[in-house]
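These are the structures, in structure tokens.
Two complexes come next, and they have one chain in common, subunit A, joined by subunit B in the first and subunit C in the second.
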Partner chain A sequence: MASDQHKALLFGAAAAVRLLLFTAFPSLPSLLAGRVEVSTPVTSFKRLQEGLFLYTHNVSPYDGGVYHQAPLLLPLFSLLPNPSYHPFATNLLYTMVDLLSAHALMQIADSGQAAVTRLFTSSRKELRWSSVAIAAGFLFNPFTVATCIARSTSALTNLFILTAMAKASQGALITFVLSMAMASYLAMHPVLLFPPLLILCYDVQATNMKAAPHAWRFAVTHLRRLSIALGALLYLSKLLTGSWDFLGATYGVRLLLPDLTPNVGLWWYFFTEMFDSFREFFLGVFWLHVASYMPGLTIRLRKQPLFVAATLTGIFAVFTPYPSIADAALYLSLVPLFRHLFPLMRYTFLASSSILYASFLGPVFYHLWIYAGSGNANFFYAITLVWSLGLSVIVGDSLYAALRDELDVERPELRGKEVKRI
Partner chain B sequence: MPPPAGADASAASTSGPDASESPSESLDAVRSQSHAPPETSESLWLRRSVILSFWAVVALLGLPVWWKTTAIYRADLPLPYMTDWADGKICKPVFPLRIAVEAPLALQDAQHLIHTTQHALDDLNEFSAHHLRLMLSDLPAPANASQQVVRDEGPTSDEDTALSIRLIPVETGPTPRSHLQPYSPTLDVYYAANQIPPPSSTGSPLATFIAHELHKIFAEEQALLAYLLSTTSGAHTAKMQSLSPETTAELERQSTRAFKYAPTYHLTFSLFTPSSMPSAWDIESALQQYLSPLLESFAAISNFTVDSQVQLYAGFSPSVREPEYDEALKAWTLRKEDLSGFINAAEWPLSPSIGIGPTVNFVLYVPSESQSPLLVKESGANSWLVPQWGGVLILNPVSMAGQNGSIPTILTKDALSPAMHTFSDQLISLLGLPQTPASLPLRLSTLKRVRAASLLFSASSTLGALARLTRALPSIPIPDTVAKSVDLTTAHLQQACDHLRDGRFQGALEHARIAEAEAEKAFFERSMVGQVYFPDEHKVAVYLPLLGPVAVPLVMAAIKELKSGLSAIRRR
Partner chain C sequence: MALISTILALRKDARILKLPPYLSALCILVGVVWLLVLPLNEYSRNTYVSENALLPGQVHTYFTGSEHNIFRAYRHEVAALADKSVPDRNQRLSEILRSSNLKVATQKYSYATSGRNISNENVYAILQGPRADATEAIVLIAAWTNMDGEINHSGVALVLTLARYFKRWSLWSKDIIFLISGDSTSGPQAWVDAYHDSHSPDTIEPLSIKSGALQGAIAIDYPAGPWGHRYDKLHVVYDGVNGQLPNLDLFNTAVSVASGQMGIGCTLQRMWKHDDSYKERLQTMLRGMISQGLGHASGPHSSFIPYHVDAITLQTVGDGWHDEMSLGRTVESLFRSLNNLLEHLHQSFFFYLLLQANRFVSIGTYLPSAMLIAVNFSITSIALWVASGRAGKLPNPASTAPPSTPGEKSTSSPSKTTPMTLAEKDGALALIPTELLQTTERALFLPLAFVLATHFLGLLPLYIFNNTPSTYLSPVFNLVALLTSLLPFLTSFGLKQFSRPTAQETTLIQCFSLLLLGMFLAALATLNFSLSFLIGIATSPLTFVRRSNNKAISAVASLLLAVLNPVVVIRAATFFFGQDLVKVLVQAAEGWHVWGLWTQVVVWLVWWPAWFAGSVVASEGLFA
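Our next item is the complex of A and B:
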């Protein structure tokens, strides 16, 4: 079949590009791993190596206060040969992770849940890209490639999020819950994706079985399964590290933001300027702000749960405490699934140009601030604002397009006409 | 940073489905919504639940977070109790001193003698808080008529005996006469056998003599304590004796000269010389011989750490006038007003404080051969004391025996002995030891009492200041550590007070020391002052820029929904 050939070709090319970059530029991985745009304190590969060193020397990996990632990554990476001397195995692992993510993305695209769900069928549903094209958009996205070369562990998180989406759109309940649990275990905030994806799962189940299962019972069952899976993962981590201390060092760091290393997000600058006595309050406000989108969007776009999940990943890429370009890469690879919304979007030029502007000027301004000393923190922060603005515009614009699309279905006579808010 | 997506999402979601008109119809739509089809109940429900979900997050999660994180934690402090301490309402320090009398007499006679002496003593005493109590040494304090602090008589061995009086009958010499032992708290009283008062008499020359002697011995201590009471707290002034202005001035001079009490002092002995000679000194054995006994006797009050240094080619600071040669004295002289600049603080390595306690500096200056002997012009003295800093001594080479003017390379222990004696005297006055009486143990125990009382007062007044601060600034947080320190302080103050009342001064000093340290710790707690200069108006500037833009669409949407909901109800 042609599509299979295309897929094999694409995956081969993507793997070749990655392995070529790894081998042709041996210093590139460590250069990228040191970039604040790619590696955050909670995903950095260098910190993972530090944790790994402590772990293999039978010291608690969290003792140094450097490692903030999940404990279960340690046994996985300790199986691989030391990446400082034999990087090939690690490189191969990361390449495989990207290919698996692309595979999951193709499954999502193939399921067609982006445009046609149980309760909603877009009027432009014939407007779509092939799954190979979407996977190519993911695999050759420079942000994805940079994340892979930097060996940031957010690549793993992205893999599990995409797998969860893929399994949800296929109605494979157990694997969905497992990969959801894994993603939440690694990065905590993906747990917010659970409600929309559960609705997606429910819809798919209802379509397949011709008789909708009882909604509440379905929700409670799967919530329980998710808690069991998460509890098992956490308990396993406790067995591995010998105490519950890892909770504070991993999720505590994400919640309380003790490490104010600059990143592409909005939190670090705000909290360097914050009065100490209001710090906790604004931590609460910022986290609630991230979380508050989930119920509203899920209720409003009940009929398009996959779109809600994709939009939430965009919100995560802007408003979480330690975002990196890996989160943006995930969102930007999910957006092409909604090709049918593109004609309705109004600010694509503004959004894409501000993203490009930020991607080129961000490293420059960071260099001016940190190395040249001719700039200051405001330079870099201004660029992260533009970056966030670009992503927010895409999020907001696609939301508008999705709503407009629903309206077109509801009242076909208005199709193609200008709408005006009252 | 206002969330553009959020505003867009909520705005779009509230107005998206129902509010669309073709441009040609939009004018009409604004005027009358006749063309817009009525909202379906489904979209109405949807919109309301979206708004409700945002408000639910705000109300159910946001408000508790706000409440929890901005609440100022104020541990409970016993404020009235603390103020009472500061006002001296809880502890009125008294200093009952036990004086044991050893008399080679029959029990009856001895008791009568003590009785009469006590009477005479009480008549002399003007300061009620300071009270001398006589008792027979070998007896477990029988019912003594004048014993005012009546307690159940337990073993008395745990109380300090301030002084013991030995009555020694003699045949020769003038009687009665007395001798105070310099190195033990003992007063020897010599008397003739016929001076023992007969049981019938109410007064006797011997009793009056002993009373006057005791009064004289403790006069300075009483003055010191009275001065302390008068300066520290207004509540005590009522009952104190009136001090003469001269005494007050003298006491004030002494107290400004002395260091503030610290449990540990650091002593630095420095040898400075403008040339290369002498380059060594036998300081260790000199300190061992001349100073260690003194420091050991202070051990009950304070500890000391000692170090020494030698600094060659140490010049005067340029601002000081060079010494002048005085023909009459045949010596180089420094003027008295230049003494304050003698210490070259910029170049001489005399660090102000090493380690915990304050540093007491002792400077031994050996002038160069061309400028010796070097003396102070007005008085011809060669040493002086710098208040609350230390002492200085100029050791002139001529005064060094056998060297005949040339400076030795090594200062021997013997050459250092005059310097060590001077330094000891200076140390004694720097530590605030009283000048009289002649017996060192008595002076030390006086110092102990004075220090205990002053620590007690200062800890109490710190408590009072903390209580005032807590009342005056309701916006500062009070962590639990402060409450704990306050509790410790009051507990130790109470114990110190009890010990004072029972005459156990060593224990009183130790408890007062802990109380003082804890009170200081509570008062200077760092986290309390963070918000002192944070007025409420600033909170607007903190909350508004972020929360304002978020709140506006939320509030507007809620108001709009409520309005339409109300009108729908009214129409029905």
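Our next item is the complex of A and C:
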């Protein structure tokens, strides 16, 4: 089949590009792994190596205060040869992770849940890109490639998020819950994706079966399954590290932001400026802000659960404490699934050019601040504001488009008319 | 909301699409004129010292009298070393420094670039400040040979004298390092790299003694021979590698001490005569911009600036009545000022264009000119993006003649009449051809692949020029010039064999290429304004190049672009400034391997790909 050939060609090319970059520029991985835009304290490969060293020397990996990632990553990476001397196995692993993510993305695209759900059929549903094109958009996105080359562990989180979405859109319940549990275990905030994806799963199940399952029973059952899976992962981690200390070093760090290394997000600058007495309050406010999008969007866009999940990844890329370009890459590769909304979006050029400009000016301003010394932290923070602005314009604009799309179906007579705020 | 809707409605207006070329031209014009008005009094400011701690010229200087005799003696000592080998020379210099009760060390270094080997040795001594805790240091440099290759007799002698003289003072609250580097560029680079532990240990020796964080560096270039030479002015050299500049406060302090306290006139950018006219201010600024744009090391101080150590070189020029003692007193006063610093120089500007020793333009005033030129590419790229989404030329609805190629069009519209859409706005009805309202699907693959491949292709000449031995550089340069001039024609001829690119793909190639160019130049403007501006000017014709089916127009456009080929421009520039091409290329390669120069990266990965894409677009008409 032609599309299979295309897929093989695409995956081969993507793998070749990655392996070529790994081998042709041997200093590139460590350069990118040191960039604050790519590696955050909770996803950095260098910190993972530090944790790995402590782990293989029978010291608790969290003792140094450097490693803040999930304990189960350690046995996985300790199986591989030391990446300082034999990086090929690690490189291959990360290439495979990207290919599997692209495979999951293709499954999401093939399911067609982006435009046609149980309760809603977009009026522009024939407007879509092929799954190969969407996967190409993911695999050749420079942000994805940079994340892969930097060997940031957010590549793994992205894989599990995409797999959870793919399985939810196929109605494969067990694998959905398992990958959801893995994503939440690795990065904590993906747990917020569970409700919209569960609704997606429910819708798919209801479409596939004659009678819709009982909604509450369905929800409770799967919530219980998720808790069991997460509990099992956490207990396994406890067995591995010998104590529950890892909770504070991993999720505690993500929650309480003790490490204020600059990143592309909005939190670090704000919390460096903050008086200590207000810290707890604003941590609460910031987290409440991130979490509050989930119920609101899930309820309002009940009919388009996949869109809610995709939008939430965009919100994570802007508002979580330690975002990196990997989160943006995930969101930007999910946006093309909603090709049918593009004609309704109004600020695509503004948003994409601000993202493009920010991705060039970001490293430049960071250089001026850290290396040249002729700039200061405000330079870099200003450009991360532009970056976040670009992403949030896409989020806001696509939300407008999705609502407008619903309106077009509900009130066909309003189609093509300008909306007015009343 | 209403305003946004109005603006959004505007983009459907056909007149908007005609506007961008004029808008781009306006941006370029305003950008250039902006630069030209900068020397006027209204747009530039007098310099001022913003760091209060510096207090330039507030101390009495005591470097006179008997120190003069010591200086003369050292000058003869130095003159006697002129023909000695490097180890002998450095041994004697070490002895002299050691006799002033300083800690002395040497550092060997060697670099291999363009098939030649640069190896030499640095000597340096550390004066531990009596009131210092070895956390901060300032550096006094005299390179053994200056930038012109002359032996820096009096400069080295003055450093030796000042080392002896400074040692006797109890007021230093920072360590002072006296560095006599083997040459003017690689020597200080090797030393400052090793000072910050970022040298390659195979070829460069680590420093055996060190002090604290470097706060500033002053280099002396005074090549007068053993019998001395009275000079007229001090030439302050301030350009760092990659166009990075030292804090303006350091420059101001030097000018203020030299001209205010010692009465020595200061000059910059080789403007030996400067009577503050518009023309001379502009000339100074342009020379400064060219020097900054090239980003080469302009003196021993240049290597320090990338490490965030503010540094300048004081060079004596002309015939006048100032002697070595007034230079010594200037340095003494300057060091007393730096000694006062409580924190790193940070108050004043890091981005400025100097018009004269006491007049400058700050970044807020000059940056818009380079940004406007960068924006012109973005505007055109937006326009091309929109244009690529529109279908081909519509038949004039009023004409009665059928379209000349009925077969092609009929696929989209079964009947030969143009499909119309009824539009209503504010009660008025209008029939608009549907095609005008729709955007066609864009074929992105070929344009994206082409633009990316072009940018990667630039790596090839970058590698070749940085790694060719100097004897082959001249033929290699000519070969590259020939190849790059022919390549656009070959490429468009080759693509034509596959009847690609289509008109839309051509538009998109140009769109992406200009988008990238605009973005690169905007980002570059914040790092190296001058380079961004110069490349922006050299590439500005690319905005107006379009694919034309007229062979004559295509030929003229291709010819014009062939002249603007970066390789040809470099050749012409070296000819115009009377520089030896091979020497420039050797320097560039040395810059790449030794100083960490990035200019050639910008030339080959930003300028050349943009030019190439534009030339391919222009030459397509020849094979249509």
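The rule we apply is simple: the second predicted complex is superposed on the first by the 422 of 422 C-alpha atoms of A that agree within 3 Å, B and C clash if a C-alpha of one lies under 4 Å from a C-alpha of the other, contacts with A are read in each partner's own complex, and residues count from 1 in each chain.
One rule holds in what follows: a contact is a pair of C-beta atoms (placed from the backbone, for glycine too) under 8 Å apart; a residue touches a chain by one contact, two chains touch by 3 or more.
In this text the structure is predicted, and so the values were computed from the model without any measurement.
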Overlay on subunit A: subunit C relative to subunit B, clash or fit: fit
Contacts of A:V116 with subunit B and subunit C, given as first, second, both or neither: neither
Subunit B versus subunit C as contact partner of A:L288, first or second or both or neither: first
Which of subunit B and subunit C A:L100 touches, first, second, both or neither: neither
Contacts of A:L240 with subunit B and subunit C, given as first, second, both or neither: neither
Partner chain(s) touched by A:S277 [first = subunit B, second = subunit C, both, neither]: first
Apex subunit A: angle to the C-alpha centres of subunit B and subunit C, given in degrees as a multiple of 10: 80
Greater residue coverage of subunit A in the superposed arrangement, subunit B or subunit C: B
First (subunit B), second (subunit C), both or neither touched by A:L72: neither
Touching partner for A:F365 - first (subunit B), second (subunit C), both, neither: second
Shortest span in Å between Cα atoms of subunit B and of subunit C, once chain A is used as the common reference: 6
Common interface residues of subunit A - those touching subunit B in one complex and subunit C in the other: 418, 420-421
Residues of subunit A defined as touching subunit B within the complex: 266, 270, 275-278, 280-285, 288-289, 291-293, 295-297, 299-300, 302, 314-315, 318-319, 385, 388-389, 392-393, 395-396, 399-400, 403-404, 406-407, 410-411, 414, 417-422
Complex interface listing, subunit C residues touching subunit A: 1, 4-5, 8, 244, 306, 308, 344, 346, 350-351, 378, 382, 385, 515, 519-520, 522-524, 526-527
Residue ranges of subunit B in contact with subunit A within the complex: 1, 3-6, 8-13, 15-17, 19-23, 26, 29-30, 37, 46, 49-50, 53-54, 56-58, 61-62, 65-66, 68-70, 530-531, 534, 542, 546-547, 550
For the subunit A and subunit C complex, residues of the former touching the latter: 346, 349, 353, 356-357, 360-361, 364-365, 367-368, 371-374, 418, 420-421
